[in-house]
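To keep things simple, chains are lettered A, B, C and D as they appear, and every chain counts its residues starting from 1.
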Amino acid sequence: MLLAQVLLNGVLLGALYGLMALGMALVWGVLNIVNLAHGALIMLGGYVVYYCYTLLGIDPLLALPVAMASMFATGYLLQRFLLNLIVRGALLNTLLITFGLDVVITYLGQVVFTADFRTINPSYSGANFMLLGLTVPVLRLIAFGIALLLSSALWFLLNKSGLGRAIRATAQNLVAARLYGVDPRQVYAVTFGIGAALAGAAGGLYGMISHLTPYIGSSLTAKSFVIAILGGLANPFKVILGGIVVGVAESLAALYIGPTYTDVVSFLLLVVILVVRPAHALRAA
Amino acid sequence: MQRSVLVLVIMSVIMLAFLPWIASDVMLQFAINTLLLATLAQSWNILGGFAGYVSFGNSVFYGLGTYGTAIAMAQFGLPFWVGLMLGALLAVICALIVGLPILRLRGPYFAIATLGLSGVMGAIVSNMDIAGANIGLILPLTRADPMFYELSLGLLVVTTVCVAWLSMSRFGMALIAIREDEDAAGTMGVNTTRYKVAALVLASLFTSIAGGIHAYWITFVDPASAFDPTLNVRMVIMAVFGGSGTVFGPVIGSFLLSTIYELLAFWISTAAALLFGVVIVLAVLFMPKGIADLALAKEPGWRYFLRNVREHRL
Amino acid sequence: MSRKHSFACAIGTLLATAGLAHAQDVIKLGAAVQLTGSEANTGRYYRDAYRLTIDKINAAGGVNVGGKTYHLGLTLLDNQSDVNLGVRQYVQLITSDKVNFLLGPFASNHALNDSSIAEKYQVPMVQGGGASTQIYSRGYKYVFGTLPPADDYYASTLDMLAKADPKPRTVALVAADDSFDVSVAKGTRNHVKDAGMTLAVDQTYREGNADFSTILAEIKSKNVDAILWSGHETEALNFLRQMKGLNVNPTNYYGFTVGVPTEDFRKALGKDADFAFGMTSWLADASLKDRWFGDAIAFAKDYADKYQYAPDYHAASAVADVETFAMAFEQAGSLDPKAVRDAIAKVEFDSVYAHIKYGPNGQIVLPQIVIQIQDGKVVPVYTDRVLNKAYYPIPPWNRRP
Amino acid sequence: MSATAVPVLEGRRLTKRFQGLVSIDDVSFSLAENEVLGLIGPNGAGKTTLVNMISGTIRADHGSIFFKGQPIDHLRPFQRAHLGISRTFQVMKPFPGLSVLDNVVVGALFGTGGGETSIARARESAREWIEFTGLTHRIGQSAEALGGPDRKRLEFAKALALNPKLLLLDEVMAGLNLVEVDEVVGLVRKVRERGVSILIIEHVMKAIRHLSDRVMVLHHGEKIAEGEPSAVLSDPRVVAAYLGTRRT
């Protein structure tokens, strides 16, 4: 029973992890940018939802689209006017510039939002129900559902729409995409915007389930990083699955080895997969 | 290397060696910190700059160096230099064990795998009683900042001389070939694995000694500060800011960035972090190859900056 | 002289002139505190309490040292929540800003490192931000502290629980893995045993952890009577929210080392914060008399009026630090660091914070006051005697109003 | 054909599949001391795969490769280079950030027998090879800056700097004009005169006819013909293979 409960917790939380990584994987796969500011974007999204809820009284779940829209705009502008300028540089340079962005966003976050911690605490935040003897927290279940919903939406967008074709063409061959009349600057900016929008949704849910401070970004970046690798960069569902694998692995590690080892286990998992099956990881790139 | 550069470098080292006699205590503190950071950036440069393997795991070697020294001194009452050697030994062994599997990975995958290392090592050390577990270890207090300064300076000089030798040697040529194209290097007879591991071991050696000096100087070691992943980010930024894969780039980069950060922290205290971030963003935009490349550029400043943007934008 | 100190000196002067109105007959206190960065949230208590207390003492005419009257001055630097920067700033305070005595930063890891600078230069430091036992286990002579030892944080709580009806039999202990919380956990294990209870769950989690679902599932499966929790504020917040989400109900009690006394915590949790037990080394109470503020109530009012938020034990402890110096100056009758140091070791007085007297290792001994959130308010319930009635046992989540 | 001596290179029943598709199917061949073997076939016939197998960047699924009578299947690419096997790449792989000189120096430093130990001597020999391939006027430039024909020369110089016993040339003449092709043909002849055995992949039939002692033809991974150049090139199956799939 304990094991079943722990597994359930791991799966529900893992899907949210997956949602966090989704935007990072998209940007990485298409633009070849490992966005170290991804966690900072998640943080911003969380605060958008927080202020929608506390200042405007919008239900946090209904505020998620607001967060997604505003983060889309933020991401679009960032890529269009800053990151597009260095996108053909070395990988290390894109790492560094997004790290610099992370520092800047975090600092501005501290000025605007203050260092105080916040939570998004709607009336149903602690609700739960029993199912087959297991306690199911409603909010985490909702987050799980939204993660699946958004990954499906992303899958359809990438595979069934004109925009998706343009994105995939750009990811594969920049020159060819240009020949087909796609403006890569536009496609890159839109793609980064979508990545940021997904981060915004993840941030809102994270604020409801956990807490917000301007400093949560870097640890969420690290987690997204691991999951993006595990899940590969191509298929949104695999990213969610990667998140669930990490969530379950962490939960099991906490149960059987001890909660201090959760980070170690997820990173060991990563290293083992990288070393044992490099082809899996490399194919995704 | 040109003779005039060599003379200039030797002169500055000699002048730096006399700093403890003229500098204030604050300056000295700042200088020790900067020299140690420069050593870390320079060590990172061996594998990261020359062989193109971007490691985020060098802080593991730093941590092992600090713990080697701390365990030897705090737990066994051994002298400082024995501690340094113990730390270096631990780091080198770790580099050998970890290097073989991990150096098979390329590009971002190598970077990520190394990123995990410091977390793993931190967690392991937090559970070892001999290392003081989570509580950390306290080293004897020494009022000898000039000694720490000279040690740090000496270490930086040795590391830089080693890198300078590297840049002119067969070993360095192998690393550069690996950076430029690893497969081609292999078919041209470069034993890529051996050189990569050797580079990692060399980096781990210098990094761990820097850690050992820092441990004794600061007199306290705990897992969070010893295996701090942001330290590694700083190494990379400083090396790249100065110019990775060059002999003096990482040193100049560390000196400049440390000074900028320190001045910002003093003058406009609260906005220092913000400006630091902005400096990084601007540096990557306008001089992605670092100060070293800027210094060698033929065209006037603004044209150099614009050329870089033009080359890398979409 | 002017060359060798060039930039550090220029900066020092800048700060000194900004911080001090009059340059003569001033005793300069110095501190590097978290004004920005991840710990700024708590660092502000120290900044504001230091300033308020110094203003108060100066307004009352300053201190009399060997027949001469001095005002107190403060040089305050921002360590940006960076330990290494903080260490350098303390050296700067001593050597180029020429402060006479040192006040502390917030948090044990900062205090641990910064205090070694005080010892190195033999400048007395009184700090109210670090409670870790290690700070005082090094045999240092120049470091004093006003936070009580970590080992005993749960002593008064377990005292209360042992006398409570029904008495908890099985206990879950959950602690973060940083040095302070590991010390708390170590001490608590002994206290649990002495109270005749059994540890059914004993888990350590990684600092900064945000997901407690596995630990909570284990606690739930063991059906424990009480949860003793030790860690940091945001983690306490997550723990409590996830307790509700997973419907975890210990039979009698759950309590936290941090969070419960602070307003932010209660605001973030709303009604869910109710019934949670906690502890504090300080509450604004009229019984705490003070030479400069009158009593703790008056202090709390002054503080809240000036800074628009309520003080907590961090602030009160910072007040005691400044007052310790004021008392010690007068008793020593000199500003010689060694003489002041000896005076601090002997000083004994009442303050808004507590009755101050330093033990031989430099640390104060002070029982924690057990508190509980009742209808959104913090109510002290127990120290060595019952202060107010506690809601005990804590009702399960689904049977709350 | 010199069947008496041990062949420099011998492949026995080599097979390689990529994700189910057969790239090399049960191919055997041998190359005698100081011989030039031409390897032709339409695009996708598996020629480059065969060269990759010989130089060690990929491994055969079945079959073995022998160098001077010793199996080398277990050796990594650098070890094969130390034995004296050197190659050029069809998709040229100069070290882009290095000068022409340094590109060639790498070959001299790590080539046959482990390479030159002194940087100075390696530079000396690199200069000779650069002169040999006619690149001296470009010696200080970065490899990135070179145009097509000069890149081919650099590729050639790098391979030669290893001081090989066996040289694998993968389409070194593609994209060159007639004058340049003649130049390279001359170079290959000169290399051969130094006693090097050569396996050459080429689409320029004139060059193959002039250079090769024997020609081997691959089609869909299978060997469909082998023998005297003139005989093989007029073999109807070869012509069909080429006309059928080339120039699409």
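In this text, a residue touches a chain if its C-beta (ideal position, glycine included) is under 8 Å from a C-beta of that chain, and two chains touch if they have at least 3 such contacts.
This structure is a prediction, so every number in the text was calculated from the model and none was measured.
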| item | value |
| --- | --- |
| Target chain D, source chain A, minimum contact steps | 2 |
| B-C or A-C, whichever has more C-beta pairs in contact | A-C |
| Most central chain, judged by mean C-alpha position against the global CA mean | B |
| Of all other chains, the one whose Cα centre sits farthest from chain B | D |
| Rounded Å distance between chain A and chain C, as computed from the means of their C-alpha atoms | 37 |
| Cα-centroid distance, chain C relative to chain D, in whole angstrom | 75 |
| Whole-Å gap between the CA centroids of chain A and chain B | 31 |
| Chain B: positions in contact with at least two other chains | 123, 126, 273 |
| Chain D: positions in contact with at least two other chains | none |
| Residues of chain A engaged with two or more neighbouring chains | 260-261, 263 |
| All touching chain pairs, where touch follows the definition stated at the start | A-B, A-C, B-C, B-D |
| In the complex with chain D, residue positions of chain B that touch it | 168-170, 173-174, 176-177, 179-181, 183-192 |
| Residues on chain B engaged by chain C in the complex (per definition of touch) | 22-27, 29-30, 33, 123, 126, 133-136, 138, 141, 143, 218-220, 222, 224-225, 263, 265-267, 269-270, 272-273 |
| Complex contact set, residues of chain B against chain A | 54, 101-102, 104-109, 111-113, 115-117, 119-120, 123-124, 126-127, 233, 236-237, 240, 244, 271, 273-274, 276-281, 283-285, 288, 309, 311-314 |
| Chain C - residues contacting chain B, complex | 3-5, 7-9, 11, 35-37, 77-78, 80, 83-85, 87-88, 91-92, 94-96, 109, 112-113, 116, 119-120, 134, 137-138, 177-179, 182-183, 206-207 |
| Residues of chain A that touch chain C when the two form their complex | 1-2, 5-6, 9-10, 13, 110, 114-119, 121, 125-128, 135, 137-140, 209-211, 213, 215, 219, 250-251, 254-255, 258-263 |
